[in-house]
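To keep things simple, chains are lettered A, B, C and D as they appear, and every chain counts its residues starting from 1.
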Amino acid sequence: MSDEQTTARALVARVRDFVRDTVIPVETEHAGIVHSPDRDPAVEVALRAELQAAARSAGLSVPQLPVDWGGRGLDHRAQADVFEAAGYSLFGPLALNIAAPDEGNMHLLLHAASDAQRERWLRPLAAGGIHSAFAMTEPPPGAGSDPRALATRAERVAGGWRIDGDKWFITGARGAGLVIVLARTAGEPGDAGGATMFLVPGDAPGLTIERDVRTLDTGLFGGHSVVRFDGVVVDEEAVLGEVDGGFAAAQVRLAPARLTHCMRWLGLAGRAHDLAVGHVTGRRAFGSAIADLGLAQQHLADNEIDLAAARAIIRETALVLDEGGDTGGRAGTASSIAKTFVAEAVGRVVDRSVQLAGGQGVSEELLLARYWREVRPFRIYDGSSETHRWSIAQRAVRAYRKGLRHDLPD
Amino acid sequence: MSDEQTTARALVARVRDFVRDTVIPVETEHAGIVHSPDRDPAVEVALRAELQAAARSAGLSVPQLPVDWGGRGLDHRAQADVFEAAGYSLFGPLALNIAAPDEGNMHLLLHAASDAQRERWLRPLAAGGIHSAFAMTEPPPGAGSDPRALATRAERVAGGWRIDGDKWFITGARGAGLVIVLARTAGEPGDAGGATMFLVPGDAPGLTIERDVRTLDTGLFGGHSVVRFDGVVVDEEAVLGEVDGGFAAAQVRLAPARLTHCMRWLGLAGRAHDLAVGHVTGRRAFGSAIADLGLAQQHLADNEIDLAAARAIIRETALVLDEGGDTGGRAGTASSIAKTFVAEAVGRVVDRSVQLAGGQGVSEELLLARYWREVRPFRIYDGSSETHRWSIAQRAVRAYRKGLRHDLPD
Amino acid sequence: MSDEQTTARALVARVRDFVRDTVIPVETEHAGIVHSPDRDPAVEVALRAELQAAARSAGLSVPQLPVDWGGRGLDHRAQADVFEAAGYSLFGPLALNIAAPDEGNMHLLLHAASDAQRERWLRPLAAGGIHSAFAMTEPPPGAGSDPRALATRAERVAGGWRIDGDKWFITGARGAGLVIVLARTAGEPGDAGGATMFLVPGDAPGLTIERDVRTLDTGLFGGHSVVRFDGVVVDEEAVLGEVDGGFAAAQVRLAPARLTHCMRWLGLAGRAHDLAVGHVTGRRAFGSAIADLGLAQQHLADNEIDLAAARAIIRETALVLDEGGDTGGRAGTASSIAKTFVAEAVGRVVDRSVQLAGGQGVSEELLLARYWREVRPFRIYDGSSETHRWSIAQRAVRAYRKGLRHDLPD
Amino acid sequence: MSDEQTTARALVARVRDFVRDTVIPVETEHAGIVHSPDRDPAVEVALRAELQAAARSAGLSVPQLPVDWGGRGLDHRAQADVFEAAGYSLFGPLALNIAAPDEGNMHLLLHAASDAQRERWLRPLAAGGIHSAFAMTEPPPGAGSDPRALATRAERVAGGWRIDGDKWFITGARGAGLVIVLARTAGEPGDAGGATMFLVPGDAPGLTIERDVRTLDTGLFGGHSVVRFDGVVVDEEAVLGEVDGGFAAAQVRLAPARLTHCMRWLGLAGRAHDLAVGHVTGRRAFGSAIADLGLAQQHLADNEIDLAAARAIIRETALVLDEGGDTGGRAGTASSIAKTFVAEAVGRVVDRSVQLAGGQGVSEELLLARYWREVRPFRIYDGSSETHRWSIAQRAVRAYRKGLRHDLPD
């Protein structure tokens, strides 16, 4: 084993211990809920502060960022193991400050922002002083599975831009210090180009959180909100990357953010499996430990297989990103395939775990039912399985027409 | 078409109109929630009274009961269509007074109770004056998937019996006028016989609702409770059927109750599918109606196939019950197979419907996400898929060893 | 049970006995092979004659035909059970003269032919004196999953028609006395109408069997051939139904023929399951009968469930045909759904049976591997699962747009 | 990219070119059949010699062996890509002399044989001068999925051992120069130990090939035979490893051989997918290229996902073997999980490819139907999916009882 690998494994072990000793007790107490429209937002804020302080003290915060930004400069392959270990609790990624959407936003700022923008926004994000949102999705008929339908507009005004439009399912918008918004600066909804990204302060006049969408998942800080931009004015410094280059800039975030989602959810699927294994080893039916009954064995084995395959495809995709960069065809295709597989595998694992736990599996007093709700949207968020399959199929056909054979084992 | 069929179809049409015009507006207003531990029980009671009064006025109440008991004497085959139509709303079965567990309890009383017991308990149940619970399941290591583990005891005392023990997941116990309880009157936990059924007034001294189990489903009136029997004394008239004959008496209820569950849930799956079809015909992506995209077509077709197969197996199983009686090998095997298939098919249909609705599918503001949670426990309640498969396989092998060929197409 | 039902069950029992005592011994001897391009055709002819003579002697031949035509006038519902019983051996349908494509062709002649055509063609077909083929499918880019691509032409000539074109995958063409051919009499390939059906004697000049397509299945008499029509001239009497009405006439055959396929294949799936149950009850591994190992139980139970669901959907679809006629929307949709479900269920059952039999399952010395090959094409022949799903989805959306709700439980 | 990686990729590219230019033309000519009980064995022998000579000339033979033995010393991770590339044709592994069972036998000899044994047997095997068989499986009730049932006996005789017993499904036995046989030297069938491995010359007196088992697969040289050992006498030099240490020695071969199977079959699945992609891009239906129809897209995408996941789990398992050795718990568990996943994924990919090719998919004139038959037994050979799942589940429970958490991401 190389020195690097030894160091990486030691870090993973520390994260696992931290999650077990510090995070899981808090998760249990809060029954896995971070956000709920019914809940006092102050509870969320306090919880986040407490968990992040603990992780910082332990030196485990933002490990994926370069040392200059407070992290350890982990490459994607090393992130895979660390993020999975953090994901073993719903609150683990929040504690390490590697939860969505902050983690993806930090990545985007690191790679696409100017020095000044990084100092202004990445610095406090990395330190946990603020958190952020990524505002791309719009209510129909706007940008959804097809980003080209983008309808939010940004018009040039004196000294900057004025942004108008509606966004929804914007995770973490409530309380965000920074909202990264994608708006159309050229063309019409349906056009392939003409989008620009803007860095908008969360308290910008005209930016309103209309309401929260009540969803099956409650583990993401700040929930998912409907956000209105009503004459929000920003200066030129707010443009992230190139004007009209927003779709390309979004690519920087796309593939890695998909993959870190997979890593975190894989961790949670492993936890659900462990809870189920614990249940079946401790309960009896028909005169045997449930664990020894054949139909339980089928579920247990299928879980092990799904977890191993999901871990493998994540790691191999991380190597693709590490080698070839975060954007471009191979990263896009590989991360699209990985996301589709992992989202479904995670769903299957948690569903089987619920089934193994029987009546207790459907009790919301335990974490399993909560996890089951929590992972469901992952097959829809971040590109639904259907959208990904459509695009995977199209690329396969396109590659074939160009004369490429599939079997390129790289 | 025979006269009987014509009458049956007319009834189905009336139920469908009633559900559409009277029940669905109420369901929408209450977002599909009947019971929640957080909610004022008076809301539930008022809701139930209002819906049941409307169904009675419409002449649609308890259609499965004989005319003498206020119904229409529908056989199982006719019930299949009527109950499915009622199940098109989560509140439909409640309105028609054919919801679980009351409907199964009425069936049991009709077939296993004395005249006096029927007058005392079936009369008000059928009229909607009271509701009821069926208390069999116990916390581990008691009766669960394996009923022989029954641990609750009934001991003879002067003039009757004293019942002691703990039950859980007892649906509708809160506010019930009647609790039918299975208790051990002979032998030890693990023994195959020795159980007796008792009819216990809901307000019997010593009978306590400890708490409600918070579960994924919230559509059943009264929720699922933990119930304690602490020296509950009943007289001889409380014995339903024979002393020590409780497991056999439970069989009377078993196969038909499984099948009516399937009928009602099939109705809800059809509703979920309709909601999804409505979504995809009205939304566009990538320049087309979603309904015309191939991967949506796959889900739509798979839903249609699952719904048709589930309906067919329910109807054919109903014919088995109508022909051969509610108990015995054929009814048990056929209803076990039907329950396993339908519970999984319903789960698949609702899951695909959620997927088709995209972000709106996971929003708890709409009914789809609610339905998705609601149907999940059906794969566990009423015999988990694993328990049923185990028993189906054993019967197949046993039949083979007796020289029976599978292909008996009856 | 009604008298009719009693009679029907007695017939089923007789068919089962006949298959067990008379057909299976012959099937075993021939290892399930009827046709192979390598094999002497005389063997096939002798085999067919022997089996059909036995069935006729037993009074079991063509039971679906009216009494006038030598049958028993079974409706679709009664056919379901009888054909399943016959399908318990690959050779059973051949013996009863209810194999594809003869059975479908007889149905078509019965309902669409003139009296004279019926005397000329149905009479000998029903008596087993000749057999027949149905020539619709063409090599690409001709008629395949999309029949409108029909490219074979029929042109009016003095006293009749001249037919030119190529067909392939024409089952039973070799040695056929009658070939029913679909040819374009108007319009161009791609047009929705303009097809006509012709009754062509198998020995018509210009009709050539080019070669046999070697396929995974070998159980259909005569194999699947490439057939050329090169200036084949027929008289006016050869037109079946209306000129330019061929696509509509094909509908007469379509839904019922799909369903009888399902019935026969279901019988074979039941046989495969029985062979597997026999294997696992007789073999041991890890100290137990394989039948008692959990993962075998999963397969056994899944087989039982698939068989029951397939049987139910076939029976319910038969009732649709019996009630509403063989054509039109309901018959088309219901049979399309049933075909898709049954073809896949049959495939799963036989695949699991192979798996249960382990090394012996993949041995072509036993019938299981043969059955596994034999049923595979059913997911492709007679409309592939993909084509059916596409059409099922389109009908669901079309119905919704017309305001129909799905839940119509009829 | 490291130098090593660059070299490895160059080798992969050369293998791919070799397969395309040299192997596939031969495979096409022979329709993918190497062995058939009906076929002249001389054809096989000539074919093998021709292909292996070509690979040796190209410097591509036995790349997994150390340089001293004529290879390139590839580790498991590098083998993964090279073997996959070779597997792109059924004949590729044969050409490179890395087909089963020779490749596994060479691995076993390399790691468990004495110097003298290696010179005698590994030298000619590596050079392609002879080929070999591995005789473990026995007809029931002998060694099958449970090796402890081993019934073949070896008794000490003067100067060596006398072996008696029956084996079946022995791949490559016909014409083998070496048969490695597992025989019981202590204890009784059912005992956990007491087995010894012997190196038996293929022409040893008393060793008889009784007959070939006709199976679904025909791509393995020499077929699968029933082999009888009737008083076969060998000297002490024939003992491979320790007396009574045969089960342990078999472990040396077990995990790596499982994995190389996966690599080769993955290559073939990729080929099937390419053939299907080629079909759907070139054919039209309903006015579109089939490739653009939604239900084809679903299959295409699912193939891509299965191929990527299978490749990932193979590569990650190869890293486990490279790091931790070929035996022991981690190698055993990881390779068991990988084998189960890959065997099923390969089966799904080839089945979908058949479906995509429609009528041509079931034609045995093309390679797809052949591949479909060929890969089916992989779910049974080398430990059936059921046996592996059973053992995977047991290990999961055992690990949990020892206090290990699943989430160990290593």
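Here, contacts are C-beta pairs under 8 Å (C-beta built on N, C-alpha and C of every residue); 3 or more make two chains touch, one makes a residue touch a chain.
Small disclaimer: the values here were computed from a predicted structure and weren't measured.
Chemist: Name the chain pair with more contacting C-beta pairs, choosing from A-D and A-C.
Modeler: More C-beta contacts join the chains of A-D.
Chemist: Farthest chain from subunit D, going by the mean of C-alpha atoms per chain?
Modeler: Most remote chain from subunit D, centroid-wise, comes out as B.
Chemist: Using mean CA coordinates as chain centres, what's the gap between subunit A and subunit D in Å?
Modeler: Taking the mean C-alpha position of each chain, the two centres sit 40 Å apart.
Chemist: Hey, how far is the Cα centre of subunit A from the one of subunit C, in Å?
Modeler: From the centre of subunit A to the centre of subunit C is 51 Å.
Chemist: Spell out, as numbers or ranges, the residues of subunit D touching 2 or more other chains.
Modeler: In subunit D, residues 293-298, 389-390 touch at least two other chains, as defined above.
Chemist: Along subunit D, where are the residues that touch subunit C in the complex?
Modeler: Touching subunit C from subunit D are residues 137, 140-141, 144-146, 149, 168-169, 190, 213-217, 283-287, 293-296, 299, 354-355, 358-359, 361-365, 369, 372-373, 376-377, 379-381, 384-387, 389-390.
Chemist: For the complex, give me every residue of subunit B touching subunit C.
Modeler: The touching residues are 1, 9, 12, 16, 80-81, 84-85, 88, 267, 270-271, 273-274, 277-278, 280-281, 291-292, 294, 296-298, 300-305, 307-309, 311-313, 315-317, 323, 334, 337-338, 340-341, 388-390, 392-394, 396-397, 400-401, 405-407, 409-410.
Chemist: Which bits of subunit B are touching subunit D when the two form their complex?
Modeler: 293-298
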